[in-house]
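What follows is a pair of complexes built around subunit A, which joins subunit B in one and subunit C in the other.
Presenting the complex of A and B:
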């Protein structure tokens, strides 16, 4: 078992990157690897609650499904706060920022979370970004 | 030398990333690096054999140097790119994310994306 980290910078529906991230994560989980995803920049929108796309792959459902299978998904706290996802101060007990708009499977956390992902990963794939 | 994977997602003529990626990979191969390219999403347009722009030629030159070029058959079919419309250097590949994970975790030294 190895560890794959996916850095997701692309937003859902305006780009295909969140869909690629979920499909890569599913393929890695199928092969028995550990998977981390870090949502950064507009990538944090992938974790928004209540997505109902009509003609596109539902990213919220995809992220919930891979989380259930053991993938760890973090969202950058500064990026999330800038986009209105953070409701208050960091919760030390839960090790996350509170959010009523982000799905519970995703923890809003500082960029140090990504640093830890880098340390424990065998490979890192970046998806999206200009 | 090492094995390098490039995941190409950007359309060939809508921005300059694809061209920059192809030229960089060619230089890497000149230095003895091994390259495999996985094309997904809008990147698959680069596989069209009827294109008049230069990127198809650059892709073929890369393959002639020994690069492996795989393209998502699902994403090509979604865009109407049937196998008779694809450059001979490109291998249409089903379940491309499984192939990427297998290569990335077991064989590749470096992962690149654009």
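Presenting the complex of A and C:
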């Protein structure tokens, strides 16, 4: 088993990167690998609650599904706060920033969470942000 | 025998200020250096503009952190910064106009850096 980390920079629906990130994660999980996803910059919008795309793949459902299968998904706290996702101070017990707008499967955490992902990764792929 | 620190390559291809990318990449580099990772930053394409010395008071003028200060912080934390000399020349960015401590390298050397860092690379 190897560990894949995906750094997702792109927001959902404006590009296909978030969908590709979820599909790539599914494929890696299918092959028995460990998967981490770090939502960075506009990528944090991928974790927003209540997405209802009419014609596109639903990124919220995709992220919930891969989390259920064991993928770890973190969202950058600085990026999330800037975009209105953070409701209060860091919760030490839960090891996350509280958010009523982000799906529960995603933990809002500092950039050091990504550094921890790097430490355990065999491969990092950056998607979006162009 | 202690394990060697994990190596990370942060490739910056966007210019400063107009996009969030360069800031975001430098934050990753600084966080990784502060946690003991072996970090190299590569400035390529429009990313070479981040290296220009004498950037004005960006916090006052643009409400944005100074990219120049971020570069200096990375150097002070022990990070290596390489600049693609070909990208710099095409954009009129000369080594003498840039922050001290950068390595201007030909594309063959940049390719070697990418090869050496293998699988752990982020691009912003």
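Following the convention adopted for this analysis, the second predicted complex is superposed on the first by the 130 of 130 C-alpha atoms of A that agree within 3 Å, B and C clash if a C-alpha of one lies under 4 Å from a C-alpha of the other, contacts with A are read in each partner's own complex, and residues count from 1 in each chain.
The rule is short, and it goes like this: a contact is a pair of C-beta atoms (placed from the backbone, for glycine too) under 8 Å apart; a residue touches a chain by one contact, two chains touch by 3 or more.
In this text, all values refer to a predicted model and were calculated from it rather than measured experimentally.
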Partner chain in contact with A:27 - subunit B first, subunit C second, else both or neither: first
First, second, both or neither for A:40, with subunit B first and subunit C second: second
Which superposed partner A:124 touches (first subunit B, second subunit C, both, neither): both
Touching partner for A:97 - first (subunit B), second (subunit C), both, neither: neither
First (subunit B), second (subunit C), both or neither touched by A:114: second
Which of subunit B and subunit C A:85 touches, first, second, both or neither: neither
Contacts of A:17 with subunit B and subunit C, given as first, second, both or neither: first
Doubly contacted residues of subunit A, that is, touched by subunit B and again by subunit C: 122-124, 126
Subunit B - residues contacting subunit A, complex: 7, 9, 40-42, 95, 97-98, 100-102, 104-105, 108, 111, 113
In the complex, subunit A residues that touch subunit B: 2, 4, 16-17, 20, 23-24, 26-28, 30-31, 33, 122-127
Subunit A residues within the subunit C interface of the complex: 7, 9, 40-41, 78-79, 111-112, 114-115, 118-119, 121-124, 126, 129
Subunit C - residues contacting subunit A, complex: 6, 8, 20-21, 24, 27-28, 31-32, 35, 37, 119-124
